[in-house]
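Both complexes shown next keep subunit A, but they swap its partner, so subunit B is in the first and subunit C is in the second.
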Partner chain A sequence: MSMTAQLSTASGVNHVDADIKASGNSLGIWAMRVAFIALVVGLPMGFFQAAERSGLFPWLESTAVYFASTTTHGVLLAFVLTTFFTMGFGYHTMAHSINKKAFFGWIGFWVSLVGTLIAAVPMLTGAASVLYTFYPPEMAHPAFYVGATLLVVGSWFWVADMLIGFTQWKRENPGKPVPLVMFAIAINALMWGWTSLGVASEVLFQLIPVSLGLMETLDPGLARTLFSWTLHAIVYFWLIPAYIVMYTIMPKEAGGRLFSDEMARIAFVMLFIFSVPIGFHHLYLDPMQAAGWKLLHMFGTFMVAIPTFITGFTVIASLEIAGRLRGGKGLFGWIMALDWKNPVVLAGMLSLLMLTAGGWGGVINASYSMDVMVHNTQWVTGHFHLIFGGTTVIMYLAGAYWLWPKITGHALYSKTLAVWQLWLYAVGMVVLTGPWHALGLAGQPRRVSSTPYNQFPEVVASWGTYELLMVIGASMIVVSGFMFIYNLCKTASSKIAASEAEAKVEYAQAIHPPVRVPRLLNSFTFWNWAMFAYMIISYGYPILQFAFIGTPGVIPWGY
Partner chain B sequence: MTAEEEKKILESAPVGTWALLAAYGVMFTLGWLVMWYLFISNGPVK
Partner chain C sequence: MSSIHIDPLEKKWIWAVGTIVVLTWIVQLYYAIADSIHPPSNVEVIDSAKLHMTEEFAEKNLGVKKEEDGSYTVTMVAARYGFYPPMIEVPVDTKVKLRIASFDVLHGLHVPGSNMATMVVPGYVSEVTTAFTKTGDFPMICNEFCGLGHDYMYAKVRVLAKQ
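Right, the complex of A and B next:
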């Protein structure tokens, strides 16, 4: 028997009941429609901000509009796009990988959507221009906080659905490894459950009561501590779906195999454990936490580099196998042998390239003493956009190109357009964020609507070229965003049926598909307790201290 | 490609990946050091 025949018996296609498939597809595509509407509305706002703060278009300048649009841009892209994409991808995956139906899918969808619409009103009317953060004393209209809370509560229904499906499948298949794609979705759901508790406490017990006038004051130190609980792990909640596409879809699309199923599980478990209890690297320059706690969180932050490297190695090794199977020779000949015209493969390569630069910048930010150099400068904006807008969102786009023909049954309208769109998006992101890193090192602050530092004319003059590049990069991203939406809309309305290969949902198989995996790589019980212990260690005293030390002039929790 | 050739590829070490990651590791460290010395030359934060 040939190797190919042996491979086909280890297919990644799973049996799915018709009603479960219909439910997973329907929830999947509706959640993703909301996600991509948020994308296409939010991107032009980002372009406006780049143009406004560049100083190159004086007639555009408006502080009020700048901050309202920054908040809306951030909420739409960082909260709405991500949450709805992750939910939609999860519902589709659960149906197609373990043949399970969501119990609360539509409840979660509508709660999140209503929350988004409620939050949209104060954002668009300028009553919630708080930079899409939850940092008091900045205070938004209560509708913003109520809406944001509903968005998160809706996502908790999704968390419950993913964990119920995961647990049911395990009970029905004792001893069998949960399919990697579902293992990763479920651990992301569990992590989101843990990480969203921080901001939920802050919003429910501090921000909503104060914004409603039920309390006169709150402790901003406690609020910032609680927000830091959520602030870093939320990035991994966004990033893990991108990694899932890399691990479980890209190797198959590239024509190869996943290098190691077990290494992928180790990476996801490590991302879970080391992403939540490390948020103090966002508070390095805040006074309310002592240096020792910041140091502890710094070491935890560095640990995240390990699963990131494991991911880089496993995914690139999987691509190397695919390239060699396609005839690539030599140490690096496999790179050019890859199918660069496949949107998922191309997006994966571009995403990894952006991750190499963004990951390096992240280690600078995480280095306690060096963070001082770049803190609150445009460097941070550059880092965030490179990791989120670049590495993460480009894989969402690739995931959508993969999913749309499978859900709609129509062939992708134009693969060529998709390839050009992905190139334009990635180049635009590099042209946008590279100058931001440079501007940050040159001292330009972030979170300002303009930079008229006329007392230092020579410094401001040195920023000019970077400002222009920033506007060019942002415009490239906006154009590519519209190309993406156009391609999906044309696909949905196409009369050409998807080919069998395009319509089939098939996940990548490992070189050695696991028959059994260690219990620790197939269950969350131990890791859940480990997370509990780690959170007590890293956040226990730093939160409790507000009860017996407090900030002068404020009452802990405001009561 | 024969079955033997496929098997050989699937079971071979990903040397290209090792080389890429080693090169990245060197660049990563050098980049970090450049930033460190840039930071040091900036002096204390005022």
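Right, the complex of A and C next:
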């Protein structure tokens, strides 16, 4: 690779006006504070659940507490942590990459926060134990649905902010490529807009009216179909910020260059297109959709392998550049030459490893014919903890280690503690999810608080050995979560100023910094229409059918 | 004219990944068509509040029936917190068609180690056809959260040797 000539030029530092910087930093850190409070409250609940369902601590067992905890754990980590992290990261990115101030800003933040607090009351008092996937016709307290809706509505202000900033910048800079980091966060915002429509329709037209008694019955088949619209793409809404850290921050932190700016854009565009119209792999075993539609969604589901593997290639190639610049030789020597003591680099490596393992597991879930063996078993829990907890959240943690000194102006309290924390987190995640995959293959269902199948003692006994491992893994994750929060708090209250390098917001530069890129890789218009068409094809009839198949209404139930 | 740089190695990589995706499509399509492996997808509605008033799901008609072609049809109801009838007996290596409806909320069922699995969604009849390949007693576990008694919801499948 002959890139040395270009390496001395170009910088990823952009001019930012002081007031825009202040606004982006302030929105960024406040949204992330909420996100990480959700994390540190949600993690011990996960540990409790692992311990409770293991059967090793009989004095701990309580079905009611377990399902209230599961619901809260899911909502806090999958909805609150992710939405607030992504909002905060987006506000910070918009200020620092394109020098734009959020138009709505705090409105979105407050609507989402108030929604979260409203939903927290019924969740914590056990009045909303319907899990974060809702599960009508079981009904929770209306405040749960109203609060969850406000959380999403708040995020729509953020979506508007990202798209307004993106559009304004393009108008002021005709023909210039939007900086990759902003391109990616804006396409994530657009995708979240599309994604959230499914669950929003379910909640607004079915769950809130029924929970308030305004409607007597609902169609759970329609509710599940609408939820599937959201259920897979929301995973990419969580994952894309992690990929953004890998593409635009990690190469710089590693001391190298981004291997390809254009391939990164292609990957993000593909993630957008193949995110939403493929949700039926969550409904493979549901009776209310015909097989042909499931097959169609399967084809699209597997397409996501392409942007995933492009990401793997581009990100690893970027790391290889860094490794070789640091003196690494040979086929694998560059790996050892990487800066394993840099939290972003370390998190990225661990994240990619867990993505590889979790991705292969996901191939089974997504398979039209093999899903039946693992559907709703612990395999699925193992899969999404590896992809979400492992691959995604570890990059949020790395992002926070990167951002905290930049926003607070204080040096990171302890890089060593951060490195130990990330190792402990990743090892804990593997120790937790490995046994879950085994338990799933052995048929243990997910979403149970105990396994009292005492007519089948040999089946239950075959699961026993894995239960202890699961508890050990969960405890490692909880400890590492506290280490993370401790490090951030100590950083915020530190008296040591961040070094210039630590305080500077600098995104990775590509080997070939793009001068012009094709319109399709710099604009969303075409892709937005493509999404519209693809959604009509894949969700049009499957939703319309509920207007004429005549499902008798199903009455709501408590739990 | 704007151009994009794709490294030749990355191009090969994308071709390889594309080939893998197409192969996974072909394998799944092949088994779906050749072995007729499809997930339960019969799109058949029913009034969950009136199951007991239908012919098929009335209590006296639940259970195992032998069809004229030698296959078996099992009719069951899923209701908090059990499957009814709570035990079924079917022969090994014989086609078994399960038809099941929910009396109340969402349920799911799975007989670990077999392809007997489906969601049970109120308002719909689920139908799944398989053949058990091993004899013995197996749990049929509810694998979808259906309320605070969900843990205790399971039935027994007894697979008998062929006579």
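Operating definition for what follows: the second predicted complex is superposed on the first by the 541 of 559 C-alpha atoms of A that agree within 3 Å, B and C clash if a C-alpha of one lies under 4 Å from a C-alpha of the other, contacts with A are read in each partner's own complex, and residues count from 1 in each chain.
We take it that contacts are C-beta pairs under 8 Å (C-beta built on N, C-alpha and C of every residue); 3 or more make two chains touch, one makes a residue touch a chain.
Here the structure is a predicted model, which is why all the values come from computation and not from measurement.
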item: First, second, both or neither for A:V372, with subunit B first and subunit C second; value: both
item: Touched partner set for A:Y284, first subunit B, second subunit C, both or neither; value: second
item: First, second, both or neither for A:V517, with subunit B first and subunit C second; value: second
item: Which partner reaches more residues of subunit A (counting touched residues only), subunit B or subunit C; value: C
item: Contacts of A:P58 with subunit B and subunit C, given as first, second, both or neither; value: neither
item: First (subunit B), second (subunit C), both or neither touched by A:F309; value: both
item: Partner chain in contact with A:P174 - subunit B first, subunit C second, else both or neither; value: neither
item: Which superposed partner A:T451 touches (first subunit B, second subunit C, both, neither); value: second
item: Touching partner for A:M263 - first (subunit B), second (subunit C), both, neither; value: second
item: First, second, both or neither for A:G213, with subunit B first and subunit C second; value: neither
item: Where subunit A meets both subunit C and subunit B, residue numbers; value: 259, 309, 313, 317, 363, 367, 369, 372-373
item: Subunit C-touching residues of subunit A, taken from the complex the two chains share; value: 63-64, 67, 129-131, 135, 137-138, 219-221, 224, 259-260, 262-263, 283-291, 294-295, 298-299, 302-303, 305-306, 309-310, 313-314, 317, 363, 367-369, 371-373, 375-377, 442-453, 455-456, 459, 512, 516-518, 521, 545, 549-555, 557-559
item: In the complex with subunit A, residue positions of subunit C that touch it; value: 2, 4-7, 10, 13-14, 17-18, 20-21, 24-25, 28-29, 31-32, 37-50, 104-106, 108, 110, 112-113, 115, 117-127, 137-139, 141-152, 154, 156
item: In the complex, subunit A residues that touch subunit B; value: 1-4, 257, 259, 309, 312-313, 316-317, 320-321, 324-325, 327, 330-332, 334-335, 356, 360, 363-364, 367, 369-370, 372-373, 441, 511
item: Subunit B residues touching subunit A - in the complex, by the definition given at the top; value: 1, 3, 6-7, 9-12, 14-17, 19-21, 24, 28, 31-32, 35-36, 38-39, 42, 45
